[in-house]
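Structures given as structure tokens follow.
The same chain A turns up in both complexes below, where it pairs with chain B and then with chain C.
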Partner chain A sequence: MSTIWTLASGTFGEAMRRKILNVFLFVAIAMIVLFFAFASFSPTSDMIITMATGLGIISMAGVFISVILGINLIPNEIDKRTIYTILSKPVKRHEFLIGKFLGGLATVFVNILLMGVLFVIGVALFKDPHHHIRLDILEGVLMIFFQLMLVNALAVMFSVFTSPFVNFFLTFAVYIMGSMSSITEALGGESANGKRSAVIQGIFKAIHFLVPNFGNFNVQNPIIHPDVVIQNMAKYIATNILYAIIYSLIMLLIAILVFDRREV
Partner chain B sequence: MANNATQQPDQGDAGAAAGMTGAISSGTNDSFSGEYAIEIVNLVKRFRNLITREWVTAVNDISLEVKQGEIFGFLGPNGAGKTTTIKALLGLIFPDAGTVKVLGRAPGDNDVKYQISYLPESPYFYEHMSAKEVISFYASLFGMTGADREKRVDYLIDLVGLKSAGNKPLRAFSKGMLQRVGIAQSLVNDPKVLFFDEPTSGLDPIAHRDIRDLILHLKNEGRTLFLSSHQLSDVEEVCDRVSILYRGKIRKIGRVDDLIAGGKVEIIADNLKLDEKTTAAFKAKADEVEQIGSRVHITGGADNASKQAILDIIRAAKADIVSVTPTRRTLEDIFIETVRGGEEEAGEALHLDAAAGS
Partner chain C sequence: MKPNARLIAIFVVILLYVPIVLMQAWIDPRRHEFEPKNDQIGTIGKALPIEFTLVAAAGFREAIAGLLWVRTDKFFHEGNYDAIVPMVRIITWLDPHNVDVYQTGAWHLDYNFTDNEQRSDRRYLPLSVALLEEGIQANPTITKLYADLAFTHYFRKMCNYERAIYWYRKAQDVKETDSKQPYSTDPDTGKRDQYVIDPILGKPRPLADPTIVGHGLAHALQANGDIDGAIVQWQHCIDEHKRLIIESPETKYQDESGLRVAERNLFETIERKKFRTVDTQPPINLDFDAWVVRTAPRQFRFEGRANFIGATAFKLEGHQVTWGPVDGARIAYRLEDDGYQQPKELPFELNVALPKNVTIMQDSASVTHGKFSRRANLDQDSHGDNPMYPFKAERYKLTFWFDPRDPASSPPNLGDRIGWLGEGLTDSKYLDLSGKVPGSLQGPDEKANVRLIKKVIYLTRDDIMGTGEKKFE
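For the complex of A and B:
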């Protein structure tokens, strides 16, 4: 365990200093600040717009950070040859991979936390008439983090057998497909006029089953899911967190099986 | 987690830091008693060219053994298959055929990894870390913690002459300083077998000399070193045996002394008239005869019979013998001769004279 911790902390330190990731973080922070600055001119603006904009900015910046980080975690180590000095030490390949993943995840967590805290404070100061910390925003940020954990696991899994360039498009394609889970679900079912072929239905069913349902994690965003009413929010969040953890573990398991046989 | 790494015995040795010659450890890291530290049997490694889809044989059926405590020079031009072989010995790539063993076990075995170390060519480390943090990072991978780790890190930083720069981030380091960090990380576990890939590449003369001295020191401590280097004078000085690899095959292997033995002798004669009879006699017994000014320089085999035959011709011509000088071959001569032989075999020799004439 100490080996994984050592590798994760090394990865975290290196990733937090990556300029391209810092750019996404600073742009997102600037957008949140600007949003509150402009919103102060129209204090009556709707909380729905505020929530949708804030969570949208955090989610998009988070996706870019997760993808760019995830696709490079392993290839960077190979390109720069740090992997040789690490794997020639008593480090098992699965420890290396898990350490890299956890270091990347910690980086995503800190980035999301910074953006989330700034947004929650902004809402409390400028939008909430009673200046309360809104729990529904924190829940939304938490869901975004677990969505990004999935993105990170996907990117790491693809990175053990594809180049960063291919991986970038592959991970984004899966993310976009997974964000439209309600559409793939509908296309996988019977059409209203019954004209959809069984093959097409089967393909969309398979996509809906295999691709992670990223859309489920955006439930706090009122613009993406305007009509959704959840009876038991705590249970819904817990179920989705469990889903993200299990799916990520499966991705990591596949990555470990491939990486164990990969030459570096 | 097992921790076979031992700590340095005496911090007083750190005084020899600048020259990298302090003791690395007490040398008690012993668990393997076999004769050979490294065994390679019929190793074959092929790679597929992703564009042409053709298979390229990087290492072609090589076999060699390195005894414990031996310093073995693994030589060859670029692309000969040296790094591929080292990677196979470290378990980073897998053989297509043949077997490799380090300390009697398969490479990649975690117990073996506690007793070996690797210094890659132009090593790169996490740039945000300082030299101390990097060494501490690698020490942690051996399960070292707390005061023991701190002591070892301080000792190694001192040993490689980075005491004053130990807390600076690596992004501010020169290539030579990074190489020193690389050396320090390779000694963190007090290794029994070390794999050094071009340890002196691109270094200034002082850093170069320090690293060569360190290798000699490691040799005196009885460690096994598998050294890949283009610095043939260093290899000649520090290695017990060498192999010369060309196009994935071992073309020559043996003790350095044996390989450079059997050189030539240069005999200079005065008052020697190169008439037809003398010239014919030299042609039969010498390799080269050249008139330089009033003197004649004759080169022939260094063995006693060849030397005496040349001297007899000079005496018979009633000339004066000015000097008899053995011309020692260097490892560089052997290396070039071997590689050229391989090139000619493959029809690849670069004929500069022909190129100049065309």
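For the complex of A and C:
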């Protein structure tokens, strides 16, 4: 366990030195622009668009951080040949992989948290007429984090058998497909005119259940419209967190299985 | 890794997919609480450019909906009404919890698609009702949607007071525990989900605003002839206002104003209940008649007479009040294709299936010194690709009517002579006890207990299109 912890903290420190925080700076500027850009709309529209766009920017920035970080975690070590030094010590391959993954995840967490806190403060200062701290925004940020955990695990899984270039497109392709949960779910069901074949339905049903559904984590709607009640919201969030953890575990297990047999 | 450990790991991967599939099956229906429904996905994809669809799918769905709504507002101010309906459809699909869109969209459909003389296009009414009912289904705790459906639509537009009462009561049934905001937020701590138990009621507080919902229900009960029910409701509103004045100092002035109105209305309703039983008898004969004069093709003068004589003297608020000879009644008239049945509900789809070949014109004229007359030039809205009055049918039905329950047609002073439901009026020719109000979205068995005055005239297409002045009666 201490080996994993050492590797994770090392990865975290290294990632933070890689100016990944520049993304955070970019997002911070984008948000400040956002707070003033929609001021000419009606107060309701202004708040809705600000909240929706703000959480969307955090999510998108987080995806970029996760993918760029995730695709380079293992290949960097191989390219720089530092992996030889690490694996020559009493470090097991799966410990190395898990340590790298957790280090990357910690980096994502810090970035997302910083963006989320900045957004909460910005909304209180510039948007809420009573300057209330909207802590429920962090509920959305939490779900974004678990979504990114899954993205990170996916990128790490691909990184053990593909180059960073291929991995970048592969991870993004799966992310886009998984973000369209509603579309894959609809195509997996019967069409209104009944013309969709059973084979097509089966394929989309399989995609819907087997590809990670990133769309599940989009819970910003009740945060944007706080007077609307979603039944069993806590249970819904808890189930999605469990979903992210189990799916990440699957990705890591596959990565371990592949990495175990890989020549480095 | 040992071969055995490897096999176990592969087995665990396969095994872990079982809870994933089960969880996804549980998540899917719940995700649609804040997402478009499955049968809407394909239509959204066709309606929106691909980049919008992608951006919406990438987590910016509400942002796209919000921006489209801002654009819709611009369409409205530019007078581009045709663009509004599909925009409202897409926005409410993308973001089913944007309450403002349901409210304003329904208002557009009801009031803002008008002819050149500012008569609204009645073909949109069932759509507007469908939109609000969908809004209520998606947002069952937002009582202002119920109130809009009750008052704006059933009370004002269709004079179907039974339905208005139904929706008001549904709004009153929404309780604090059904919702999280806004009343359950502690203003000091900002904590949510802390349901407030009403110290007086000893149970969760209703979410319905006593002015918007409470007063509206009292008016609807009164219009429906349930005067005792209205008195109980006014008293309920007074109690609610008094309670809120103590408990919610931040809205104290609003409730003080509401309290004054409720107290006055309660007093007047009790007083009127007393003297209307006496002053409305014997019924007056309105000696009603109505006719239409075609002045040019598709141009008309709707005319007639109605001998409304109100109570000239009665006691109100303890004082003797004398009214002048009563005028101010309004006679409604509706010209529509003969045999047209207004659908109770139209599906609110992307491409709205409006009955484009149907002609419906509805308006009203005020009665002054026992007569009414109002011109209508329908010719200016009978041409082009999608005219409001296409006049495609061969035969038309023109109905003139007076509804004693409608506050817009029967002001209180007139009601003091003819009664709540017309018990103080009669007519040798045109008294109608069917309870059917033209243009109301009534169910097949719905029938109001009201004494209407109604006259029907049938016109042919030639009568409408003909030249030269001609009277039809």
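What we mean here is this: the second predicted complex is superposed on the first by the 229 of 264 C-alpha atoms of A that agree within 3 Å, B and C clash if a C-alpha of one lies under 4 Å from a C-alpha of the other, contacts with A are read in each partner's own complex, and residues count from 1 in each chain.
One rule holds for everything that comes next: contacts are C-beta pairs under 8 Å (C-beta built on N, C-alpha and C of every residue); 3 or more make two chains touch, one makes a residue touch a chain.
For clarity, every value in this text was computed on a predicted model and none was experimentally measured.
Student: Would chain B and chain C fit next to each other on chain A once aligned, or clash?
Tutor: fit
Student: Which angle, as a multiple of 10 degrees, do chain B and chain C span at the CA centre of chain A?
Tutor: Once the structures are overlaid on A, chain A sees chain B and chain C at 170 degrees.
Student: Contacts for A:263 in the overlay, against chain B (first) and chain C (second): which applies, first, second, both or neither?
Tutor: In the superposition, A:263 contacts chain B only.
Student: Identify which of chain B and chain C touches the larger number of residues of chain A.
Tutor: With both complexes superposed on chain A, more residues of chain A are touched by C.
Student: Touch check for A:86: first (chain B), second (chain C), both, or neither?
Tutor: In the superposed model, A:86 contacts chain B only, not chain C.
Student: Could you say whether A:49 touches chain B, chain C, both of them, or neither, answering first, second, both or neither?
Tutor: second
Student: If we overlay the two complexes on their shared chain A, which of chain B and chain C does A:14 touch? Say first, second, both or neither.
Tutor: The first partner, chain B, only.
Student: Once the structures are superposed on A, label A:3 by its partner contacts, choosing first (chain B), second (chain C), both or neither.
Tutor: first
Student: Compute the least Cα distance separating chain B from chain C in the superposition and give it as a whole number of Å.
Tutor: Chain B and chain C, overlaid via chain A, are at closest 10 Å apart by C-alpha.
Student: Spell out the residues on chain A that touch chain B in their complex, using ranges where they run on.
Tutor: Going by the criterion above, the answer is residues 2-3, 6-7, 10, 13-14, 17, 80-92, 261, 263-264.
Student: Using the touch rule from the top, collect the residues of chain B that touch chain A in their complex.
Tutor: Chain B residues touching chain A: 1, 87, 90-94, 110, 113-114, 116-120, 122-129, 137-138, 140-143, 145, 182, 185, 189, 195.
Student: Mind listing the chain A positions that touch chain C in their complex?
Tutor: These residues of chain A touch chain C: 41-42, 44-45, 48-49, 51-53, 55-56, 59-60, 93-94, 132-133, 135-136, 176, 179-183, 185-186, 189, 191-192, 208-210, 213, 215-216, 218-222, 224-232, 236, 239-240, 242-243, 246-247, 249-250, 253-254, 256-257, 260.
Student: Can you check the complex and tell me which residues of chain C touch chain A?
Tutor: The touching residues are 1, 6, 9-10, 12-13, 16-17, 19-21, 23-28, 30-36, 38-39, 41-42, 45, 54, 57-63, 65-67, 69-70, 73, 95, 97-100, 139-142, 178-182, 190, 192.
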